[in-house]
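Starting off with a structure, shown below.
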Amino acid sequence: MTIPWLTLAIALPALGALGVALMPRDRSEHAKRIALAVSVATLAVVIAIAVQFEPGGPRLQFEQVQSWIPRFGVHYAVGVDGISLVLIALAALLVPLVLLAAWRDTADFPDDGKGYFALVLVLEAMMIGVFAATDVFLFYVFFEVMLIPVYFMIGRYGRGADRARAAMKFLLYSLFGGLLMLVAVIGVYVASARAGEPTFLWTELTGPEGALSGLDTTVAIWLFLGFFVAFAIKAPMWPVHTWLPTAAGSARPGTAVLLVGVLDKVGTYGMLRYCLELFPQAAHWFVWPVIVLSLISIVYGAVLAIGQTDMLRLIAYTSVSHFGFIILGIFAMTSQAQAGAALYMVNHGLATGALFLVVGFLIARQGSAQLEDYRGVQRVAPRLAGMFLIAGLAGLSLPGLSPFVSEFLVFVGTFAAYPVPAVIAAVGVVLAALYILWLYQRTMTGPTPDRLRSMPDLSGRELLAVAPLIALIIGFGLVPRPLLEPVTPAVEQTMEQIDVTDPAPSLDEAEAGAAADQTEGVGE
Amino acid sequence: MELYTPILVLGGLAAAFALFSLFAAHIAGPRRYNRAKLEPYECGIEPTPQPSGGGRFTVKYYLTAMLFIIFDIEIIFLYPWAVHLDALGLFGLIAVVLFLVNVSIAYAYEWRRGGLEWD
Amino acid sequence: MTSTIVAGSPALTTVAQADPYLEGFGGDPWWLIGGKVLAIFGFCVVMALLLIWGERRIIGRMQNRLGPNRHGPFGILQSLADGIKLALKEDIVPAKVDKVVYVLAPVLSTVPAFMALAIVPFGPEVTIFGQETHLQLTDLPVGVLLVLATASMGVYGIVLGAWASGSPYALLGGLRSSAQVISYEIAMALSFVAVFMFAGTMTTSGVVEAQAGGNTITLFGTEVWAPSWFAIVLLPSFVIYVITMVGETNRLPFDLAEGEGEIVGGFHTEYSSLKFALFFLAEYINMVTVSAIAVTLFLGGYHAPPPVTAFWAGANDGWWPLMWFMLKLVVVLFFFIWLRASLPRVRYDQLMKLGWKVLIPVQLVWIVAVATMRVLQSEQAGTAVVVSVVFTMLALIVAAIVMWDRSVSRQEAAEAAEAAAQEAALRDNPMHGGFPVPPKNAPHYGSSVAAEPRVSRQEPRKEVTGA
Amino acid sequence: MDPMNYILLAAVLFTIGAVGVLVRRNAIIVFMCVELMLNACNLAFVSFARMHGTIEGQIVAFFVMVVAAAEVVVGLAIIMQIFRTRRSASIDDASLLKH
Amino acid sequence: MLTAGGTLASLDPAVQEAPNIDYLMLAPMLVVFGAAVLGVVVEAFVPRAHRRPTQLVLAFVGLVVAFVCLLVQVRELPADSPGVTIAFATVAIDRPTLFLHGTVLLLALASLLLFAANRREAFAPQAATIPGSEEEREHEEAESEHTEVYPLVLFAVLGMLLFPASNDFLTMFVALEVLSFPLYLLCGLARTRRLFSQEAALKYFLLGAYSSAFFLFGIALVFGYAGSVHFVDIDEAAAAGGAGVVEQGEPLLMLGIALVAVGLLFKVGAVPFHNWKPDVYQGAPTPVTALMASGTVVAAFGGLLRVFFLAFDGLTWDWRPMLWIVAILTMVVAAAIAVTQRDVKRLLAYSSVVHAGFILTAVVAASPEGLAGALFYLAAYGFTTVGAFAVVTLVRVREGGAEAGELSQWAGLGRSHPLLAGALALFLLAFAGIPLTSGFIGKFAVFEAALAAGAAPLVVVGVLASAITAFFYVRIIVLMYFSEPQEEGPWVVTPGPLTGSVIGVGVAATLVLGIMPGPVFDHLLPQPAQEGVPEEASPMDMYVR
């Protein structure tokens, strides 16, 4: 391959961010346009990657490996498999939409939003990098550096008086996890050095032939824990989720979209990619504890979401619940569940992103995210309400919308291995219906108070920002194949790596594949 | 050690003599109380009140003490060298000259900046 | 004696060597030690008493007076009588003194004075009651350092006595005195360096031996008779030693510490009775000590002066050297007294200036010069090298003196110009400098005397260091 | 005499100095205690040098003396400066140090 | 020839040979020393008006020439051995030394720029005057200044160069004092808060002298055990069970090591010997603090590494537990105290203590990787620190006022001066160990070494301490970016070319060492042992014997 596509996708927004940051302050309109253009260009690059990706090809494609710090066996190594590809695509898609949505929000920013747009681009580079990295060290670098732009996006460009504290909370939680992960990363290095040549390359570390294959189980458990805690904080999982509602509540909706939509997926992605594949023996050891925690997350998040009065916080809590589903799917260790989890990551990004965007439009109109400030919006702003409804229904995984496919897969996969947890998790679905519908009912229906009468409906720009998401939610709900096609082989390879086969008692593997096909058919 | 014993004996004798003298003066001298006699001598006027600890004095004395230390140390190094000058030869000479140059620079600094001015 | 030279290996090795000069010491029986100690003690006290008397007589003679002549023949018992008188005086301890230190200070001053004489060689090896021994209490590998050490300890007596007195005069005198002593001690110590170079030892007996007999010096191929005294070979060192020994003992013309005109009695203002006598005694013993050191290190010690041996072969045998030593000692002591009779007291700043700005730099240059010459000789450098080094050094010295002279004259010229400018400015405007001088043309101010120029406030500040 | 006795003496002196630094409040006395410690070190060096039969320890002692002298110069300069300040008008309490 | 009666003591012929000194290998130190001495001459003879420029040029040229000499040295060093020893093997020039020398020289250059840029603001016009006195005011009006600071800095730098290069305890002790004395004096020269500055100097001096006395007594005990003060000899003597003079001398040796460690740990500022750091950092003029915080720490750790890795190499099992405890204490206690600090310089001081703890974890590792990691950490930390203090010199309470020490006075700096605040934020993130900064690579390197040596609990403690420290670094960032400026607001001096370049160098070093540390590890730092099992490699092989 002659064109380093992935590097291009990382470098483009990074350089764009630099350019935007260096623009003079009185040209911030230009800065915004440049930022949007860069993000669209990045999207184009990512689409190009996606088009060239061969689902049946080798696991890692578009690989690029370059020695970085030879002393520590660190490489600049990027490459994508199906799972990371869809997540990169999600990130690349959401960024221009967020920029578009935030276009008019920038008046009250200290520097007319120039800095904010630059930070978003930096974040985009980091997000693509973190999913593309195939070197543990590089992954860690992206994982940690990502905090900085988010920190400033919340703390400096956020909403409300509490934003500095929220930013700090976010940073400290993440740093704490990150530092624990650092120990584990170093541990991986030391372990690989003991096994021979020290390396951080994911490809050389994993697998039965990998440098970590001979790892002592006790050590592996500790290292697993180091990674897992970091990812659990990021995901966010009960009981280390508390930063998310605060952060999301104080963030701009655009920030929240990226935060919940993409950033937190790093946690679940990391569990799938690193926790499971680097330390399969430890992962088996941890299955039950993690499942319990994820169940608590599902129920707890849903229950708390019901009680929220702030829309942003409410959505954040729903996410806690949804992330519980994802983690449950990952640790159920069946191919359906994991495929569902991978899919869920994308779909959740789309659905929650749309929800946040719409709430953002509301906030832009009324300056408040409180439920009680809104009533009967659907009369004055039907398009807005419509979008809100679809996004909300996606959030409760209504069949026909894309999250349904993933949630269903997770259920099926989990039930096959762990029926009781699957049943408990179903409680979450019921609660989801409750909080979403209630949310819609309280804000959109009913008599419109006078102060809302003059509220404008969605403008063209706003529509442009949210419509693609809605379209994709519906589209993938009907035809999930484009997502499943790249994800499934990756999941199967993962299963292979960690030496797990589907437990389906009555079905052999071929039939399991057929079952997967059937589930695809459900969507259609 | 035998070399040093006689010095100590001599010192002891001297100390005994001095202490005896003090004692003798105490015994032999008269004792007549007079308040004025017990005050510090100050040409007949009322003595100036003295701050505790001996009062203030000019920093010059401090500078002299510092200089003394510097040169005393210099001498510490010169003596062994001088005694073995013949054995140390040219190398020793050059080393000591370099050393002296450095000390002289400190000395010149002190001189030029008025550390050696007494008024 | 150990040779303290670093070998070329990482581990610093040592070769313990018995110093040949120390072989005869340390073996005395206890009764001999006791006898010697008593003899030195007695010698000190008697010398001090005689010195005081002699000083008064000689000065009297020089000033066309009689001096003390009542007690004993020629008044020789005058000092003893003074001592007894002091003992019978009231021992006043002022109320404000720090008692313990005040009482101990005279002791601290006296003891070191005695101790320094322990290493002075009064004569060569003699036989006392069948016991071969040196006419010297003991000798040390670092012999001469003992002199410096005791001199330094003597300063404690002065400083502590002054401080404990609680009187401004005493304090000022004590500080002055100690500053003076330590200043001159440096020059004194430096003056020993050249001696050690030539003697190759720090034992006093070794230094004396090094001055024995007449030496020949090979200079440019011809043998020249050279005097063996270091006072002649190392004349600059000797001159400086003589100056410093006067300064070190606080004697005229350097007796600023007790400059009666300024600070009454100096550090012992508050002392009376035998305490005062102890200070007094210490001062005179110190004179004896430094004179004895002068004799030992520079004047050939107990050896007979060179011409004597030419016609009296036995002059250095048996107990005779003791006589030569005493003679030399008396000559040096006479010199002390002579100085006192002849010279006025210097100002304190002149004293310190002499010590710091003349004696020390001259010494340093001299030491380097001597060492260079000696090393060049022992390395057998060619004549050309020697000559060129000598000329280079001379040139450097001359250049330094010229530059110094020029800088001094420049400074003087600048000061003169400034003074002239001040005067001119004052002539034009009596108010110049801000000093409230009534204008000259004021009706009642007709004096023709020029007003004293005042330093103006606007003048750039002189730099100060420390103060 | 057993050279070990000198070592013990050195240790005692060192301890006295070390304790003195901790218990005394006067800067000059603290400073003198430090000097005492240095001199105790010198004693130890010289005694050990004697025991080992080398002069390395004596050489160290020489350098320590030099260093101690330089320390006196520097230390007294600082202490004097503070004392001059303290005696003059505005005296801040010594609590500045007790941070 | 004049013979003084043939009285010269006959001398051992072994001592006659003149020593051979490789002056090129000493060149950097000699150059710095020469410049310092010349500086004193300048003080004595150059008229006052010309002194400052002369001193500045002299100091800069001295340091730059020293650095050039260093580059030549790097080429001259024999390829097949770790280095060479010079002058009776009292000085060792090997790769760790050269790296430290280069670091120290560059840091000193940067600090010197700060000295030059802040001479009026940072230093008292005349140190000898009494604060608040008429005399002081006069000096202020006359614009007096202490140009002596430049030679003093050079002397301190000389000590910093000699300290890690010394190959025996005597040289090390002398270097320690050469390094310390000028700093004691420089500490008391602050223009504002003179009393505080003077007390800081006093405290620094007394504690410094106290600790060096411990150091010295430790040396004496080790000397008593080993019969030598040379590191290599000590190592050999320890292996052989002592020099045989003292029966059952191990307690002597242990006590000696402990006391030596006290002296060294004081200089690096490890808990419980850290008390001086906050006061001194706060009280000293900021350029001096910059020099101390960067150069001194580098030099002190250089010496510490050499002592523990060379002289006490065979005794690793004896000193390791002690350093374990010290490292843990240092990281935890300092991090905990730092959280409560309200003053920028005190905060940086405590942060310096924490970093000392991190580096100590690499010392505990006692491996070539640990050595390399510690060296890298030192360089990374040094440059970042210099940059941070350079920023501190710029922020003032009000126009023409004193430096803004209180953290609260920094509120809103990010809004008014985004670039400056950005630089400081970068430095703080580097301190916190965020990836893509030098601090992260440094932390990675030291923790990696410690973990490889089996000190996992230490690493975990280190990581937790990092998290705590991150809290207070981030708090400053919060203050700068997220808080409203106070009414008076911080007033920022426009950085001149001098301060500007220091900050620039700090930023560049922080980023370059963070993003491309490979060349430094591959070419400048000692390499891990190529052959054999890693666990058995000794850091001693990195040093010249």
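Every chain is named by a letter (A, B, C, D and E) in the order it is written, and numbering of its residues begins at 1.
Note that a residue touches a chain if its C-beta (ideal position, glycine included) is under 8 Å from a C-beta of that chain, and two chains touch if they have at least 3 such contacts.
What you see is a predicted model; the values in this text were computed from it and never measured.
Innermost chain of the displayed assembly, by C-alpha centre distance to the whole-protein C-alpha centre, is E. Compared with subunit C, the chain whose C-alpha mean position is the greatest distance off is A. Pairwise, the chains sharing the most contacting C-beta pairs are B-C.
Separating the CA-averaged centres of subunit A and subunit D is a span of 65 Å. Averaged Cα coordinates give subunit C a centre that lies 47 Å from the centre of subunit E. One finds 38 Å separating the Cα centroids of subunit B and subunit E. Remark: subunit A and subunit E have CA centroids separated by 45 Å (rounded to whole angstrom). Residues of subunit C in contact with at least two other chains: 3-6, 11-13, 200-201, 374, 378, 463-467. For subunit D, residues touching at least two other chains, in rising order: 54, 56, 59, 70, 77. Taken residue by residue, subunit E touches two or more other chains at 8-9, 11, 15, 19, 128, 228, whereas all remaining positions touch fewer. Residues 3-5, 22, 25-28, 33-34, 36-38, 40-41, 86-96, 103, 106-107, 110-115, 117-119, 137-141, 145-146, 163, 165-172, 175, 179, 182-183, 185-186, 189-190, 192-194, 196-197, 200-202, 264, 269-270, 273-275, 277-278, 348-349, 352-353, 356-357, 360-361, 364, 367-368, 371-372, 374-375, 378-379, 462-467 of subunit C are the ones that touch subunit B when the two sit in their complex.
Against subunit E, in their complex, subunit D makes its touches with residues 7, 10, 14, 17-18, 21, 27, 30-31, 34, 37-38, 40-41, 44-45, 48, 51-52, 54, 56-57, 59-60, 63-64, 67, 70-71, 74-75, 77-79, 81-82, 84-85, 88-90, 92, 94, 96-97, 99.
Taken in their complex, subunit B has these residues touching subunit C: 2-7, 9-11, 13-15, 17-19, 21-22, 24-26, 28-32, 37-43, 47-48, 50, 54-55, 57-65, 67-68, 71-72, 75, 78-80, 82-90, 92-93, 96-97, 100, 104, 107, 110-111, 113-119.
Only residues 59, 84, 86-87, 89-91, 102, 105-106, 108-109, 111-113 of subunit B touch subunit E when the two sit together in their complex. Residues of subunit E touching subunit D in their complex: 127-128, 130-133, 169-170, 173-174, 177, 181, 184-185, 188, 194-196, 198-199, 201-203, 205-206, 209-210, 213-214, 216-217, 219-221, 223-224, 227-229, 243, 245-246, 278-279.
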